[in-house]
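The first chain written gets the first letter, and so on, giving A, B, C and D; residue counts start at 1 in each chain.
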Amino acid sequence: MIQFENFGAAFGERKVVQGLTCHFPKNSITAIIGASGKGKTTLLRVLCRMNDCIENFRIEGNIFIDGEDIYQPDTDVYALRRKVGMIFQNPCVFPKSIFDNVIFGVKDIARISKKEYPDRAEKVLREVFLWDEVKDRLREKATTLSQGQQQRLALARTLAVEPEILLMDEPTSSLDPKSTSAIEELTQSLKSRHTILWITHQHEQAQSVADRVLEFTDEAVNPLRPVAPIMKTERPSPLKNVLRKVQTFSE
Amino acid sequence: MKLSYKKNFSNCFSGQAHLEPLAWIFALMNLIFVTGAMGLGVFLLVQSLPIMKAEGLDFWLGENWWVGETYGALSMIVGSLMVTALAVTLALPIALSAALYTSEYLSPSLRRGVKGVMELLAGVPGIIYGLLGISFLAVTVKESFNLLYGNTLFTAGCLLAIMILPTVLTLAEDALHAVPIEYREVAEGLGLSKLQTALRVVVPQASSGIVGAILLGIGKAMGETIAVLMVVGSLDRIPGWNLFVSGQTIPSKLGREAAEALGSGLHWSALMGLGLTLFFMVSILTYSGTRFTEWSRR
Amino acid sequence: MKAKAVEKLVLGMISTITVLVVALLITILAVLFVKGYPALHSGFLFEESRDFGRAGGVLYQSAGTLILMITAVLLSLPVALGSVLYQTEYLSSGKLKTFLMQLTYILNATPTILFGLVGYLFFGVYLDAGVSWVTGSLILAVMILPTLQVSIREAVEGLPEKYREAGMVLGLTRSAQIYRIILPQCFYGIVTGIFLGLARVAGETAAIMFTATTFSGIQLPQSYSDPVPTLQTHILILAQEAVNPESLAQAWGAGLVLIGLVFMLTLVAWAFRTRMVMESEL
Amino acid sequence: MARFKWVGLALLLLMGWSFVGDSAAETGLRIQIVGSTTVLPVVSHAAQQFMASSNTRILVNAGGSGVGIFSAAQGRADIGMASREISSNEKKRFKNSDLKTHSVGLDAVACMVSSEIYQSGVRLLTRAQIAKIYMGKITNWKEVGGPDKKIVVIDKEHHRGTRHVFMRYVFGNATQRTPGTILVTGSNNEEQTKIAQSDSAIGMLSFAWINEDVRAVIIQDQNGKFAPTLKAVQSGRYPIMRELSLITRGEPKGKIKAFIDFVKGPEGQKSVVENGYIPVGVETSKP
């Protein structure tokens, strides 16, 4: 599904990822752990080419999704981003109604007719277990929701455009325990249809949610050591062989 | 380790952006803006070429401006500089100390009140200041300095000082107020008094904003037309060191003769030359201001 | 002890200066009001001026000022909006961006009379529009372009990055990004800019006095090639007659109307700015 | 997005207004008049009356005689107002324009002083004295029999018709440089204001601007003394006289001719008199 080949990324002279080669199979949940500033977020962002607009951001190597190099000059970036959904650390809802938020992406991409909007909204809101909480207040401003609800709303908004890959950048770090477990449970249920990459700081969370773990390490002088303990997976640790280097530089 | 990084795709036409009509419309709008801005300068330059050819350096060094005979802009340049210098000398110390007091000592509600008044006054039209100038200031100047007439360079300078005061004050205050509160806490924690903190910590931190405010004030004073035109006396003569005589500034000269000179060859060109001179003076001021801001940020 | 005394002295000085400045400026406002108020008889705003401004009201002058203001902003807004969005959303070359910023600042500081001169020669003479509504509003449009650009840029660049990114990951095209996210989210910022631009136009005299208005014979422009009466030039004409008590009183009255207009616009801009701040803090 | 729709709508409406209206304006029902501030009051009043009985719109604008002649010659205005003759320079520049002058009245330019000076006894100035004052050779009123006060010499912008006429009388040269000048003014109103505000000023103004703050003095030259009275002017003896004229490019036609005839006719001439000028047809000996 997702294949990094000798991938590296740098902001100007500062390299954040170097020589990464690894594979993420379809319908798997991979947890990515490691200290901050080690290129975890960059790894997710390059998958939907979010860093295109950052001046002096450079990459090397290749990234393939479904066998296609996504950094070709003729890549349809918008189609790519529809295929790859991303959830951020802090939930971001638009100051519009809940309903408008859910169909925000659908509206523009318009793959379904307007009549189907409510159905689509209901479907994805049910998927994120938010339907019962908001079904009576779809016209209210989304900003009135709690943080946990907002994060689930953001997830619903992303699911509504039916991405194949879900990138979650510490989606629970700003949430209370209850919302956290709701999101964790939810992610499990999404596994059947999506390939999920999940950045987290908590090892327990990684172990309970993910099939596999990719760890970005920072070992004193030599920051280059790859560690790839694999949990709850049928296949024995392909990552250990694949992850030759996860190289990070801290300043 | 190879370092042959791919160029990323961050250029303006990333992906399919160049296929969007909106991109082209916006590019067109941008082109209009650039053409307009550059056009202004180029137009002034082209239009003033005949006078440069005819008068050469004497255009800037000549004292006599006799339409149809000779065009020397020195008296207007000197007048502009004197009036601006006077306005700045009067307004700056007052505006800056008031800004410091407003930012560092006033309570939030009082500060908002002062800022409100200043922002309203910064928007009062030049024509209104002109009206105030001819009705009150010119008469006051005439009487308090025992002059024969009130339309002097000094009157114009005072009027400009009052005009730029609110602008400089409110912008300088913004710059001071934007300095994070932590700086002040640290400095006061080290035992500095409030005034020392303000002068040694806050003011240097805000220096680029303050310089910006000052330059904007100078630019505004230099370019003001209508209010100056109404009180300056409009006499094309180098005033020497005496501020209490009538004189002429570049904008007031332009305002008076523009309609008449239109299309009349060398006279129009001479006015354009004046315009170009003014444009250069203000542009250099603005440019050095932005450069200073960049430099001080580093 | 000495240091303390110095500090007290300085503090006393700057507080006195502040009080004096505020007092001076409030006095100016008060003078404007006191001088202008007597002229504001009941129909001042709704009567046309008679006897070349010495009697009557300022109906058409106010209307003319409004017309010029609005056309100028309508002409300027698309260009300002387009060029700012082009610079912030499409352009990536840092050098070009810096250059365009410099250009904006220089244009912003350019004396308004120069816009009048060059604009009149270009629009009025070369394009043969003469002394007219269209010439005046085009000149004013160019004049406020940098003002609008600065405030629109402030709003667009102040938009929290998270909104852009949220739109981006949904696969919105750049155009969609602009009209689905940036324009609605920056609405209050842009409106603030518009009102500041309007206020700037309302206060401008030098650029229009020989390009857009006329002494008499005009009420409302019947076409874009007609001149427009304005409050600003009305005041200028009356002020040149400062000995004549009636005309001077009329000038102050017109001045008060003009200031009222400018203040109103500024206050509306404030109101929108407050809303902008509130929205961005959500 | 809906919020932006009104902007587009307003733009369309406004454009509609300006273009629909333009077709009406193109039918030639609009006369533009520009020029001398001396002629301005006459023409403005006449224009108001003319418009009341006609669907023609007449736009009148100030600017000075130079602007009037120039605008008429260039076709920027239908009629130029001038309070002086077309100079030889202008005749040369606009020789292709076929300028036609239509005299609508006569005006006399007086030498004005502040009322304080007048009251202190300066009632008469000789031509030589005025010349010396403007050349900066006489700088104190006591040299011409007034109080011990410096003279505030007020000049006009060089292109003004009043200045041309005055300077031609005083120096024999319409564009004389006057180093004695202290203040320069533009319109008649502005100069009147400056003379009134000062208490020791001298200046030049049309008779129409004489009032209790701004007084005219008797002028003396080799031909005798000339009091600034309407009688002296009407007798044609007053030395600083000028024609107030309307200038067209080629012979006027249609509405433009109708308006010029209106100004020359009884109603127009009434407004000439009301504004303090002398109607056409009075015999004078021009300088």
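For this structure, a couple of remarks:
Methods note: contacts are C-beta pairs under 8 Å (C-beta built on N, C-alpha and C of every residue); 3 or more make two chains touch, one makes a residue touch a chain.
Computed from a prediction, not measured in an experiment: that's the story for all the values here.
Summarising the inter-chain layout, the chain whose CA centre lies farthest from the centre of chain A is D.
Across the two interfaces under comparison, B-D and C-D, the one joined by more C-beta contacts turns out to be C-D. Closest to the middle of the protein, by Cα centroid, lies chain C. The geometric centre of chain A is 51 Å away from that of chain B, both derived from CA atoms.
Chain geometry summary: the mean Cα position of chain A and that of chain D are 80 Å apart. Per-chain Cα centroids separate chain C from chain D by 35 Å.
Touching two or more other chains at once are residues 63, 186, 193, 197 of chain D. Among the residues of chain C, those touching two or more other chains are numbered 92, 173, 179, 210, 242. Looking at chain B, one finds that residues 10, 14, 16, 134, 259, 262-263 touch two or more other chains. For chain A in complex with chain C, the residues that touch the partner chain are 48, 50, 53, 55, 78-86, 88, 90, 92, 94-95, 104-105, 107-109, 143, 154, 157-158, 161. Across the complex, chain D meets chain B through its residues 63-64, 66-67, 70, 74, 89, 93, 149-150, 152, 157-159, 175, 177, 181-186, 193-194, 197-201. Across the interface of their complex, chain B is touched by residues 3-4, 7, 10-11, 13-15, 17-18, 21-22, 24-26, 28-29, 31-32, 35, 78-83, 85-87, 89-93, 100-118, 120-122, 125, 142, 145, 149, 173-175, 178-179, 199-200, 202-206, 209-210, 232, 235-236, 239, 242, 248, 251-252, 255, 258-259, 262-263, 266 of chain C.
Partner chain A is touched in their complex by these residues of chain C: 92, 94, 162-163, 165-173, 176, 180-181, 185, 279, 282. Remark: chain B residues 66-68, 134, 138-139, 142, 148-151, 233-236, 245-246, 256-257, 259-260, 262-264 touch chain D in the complex.
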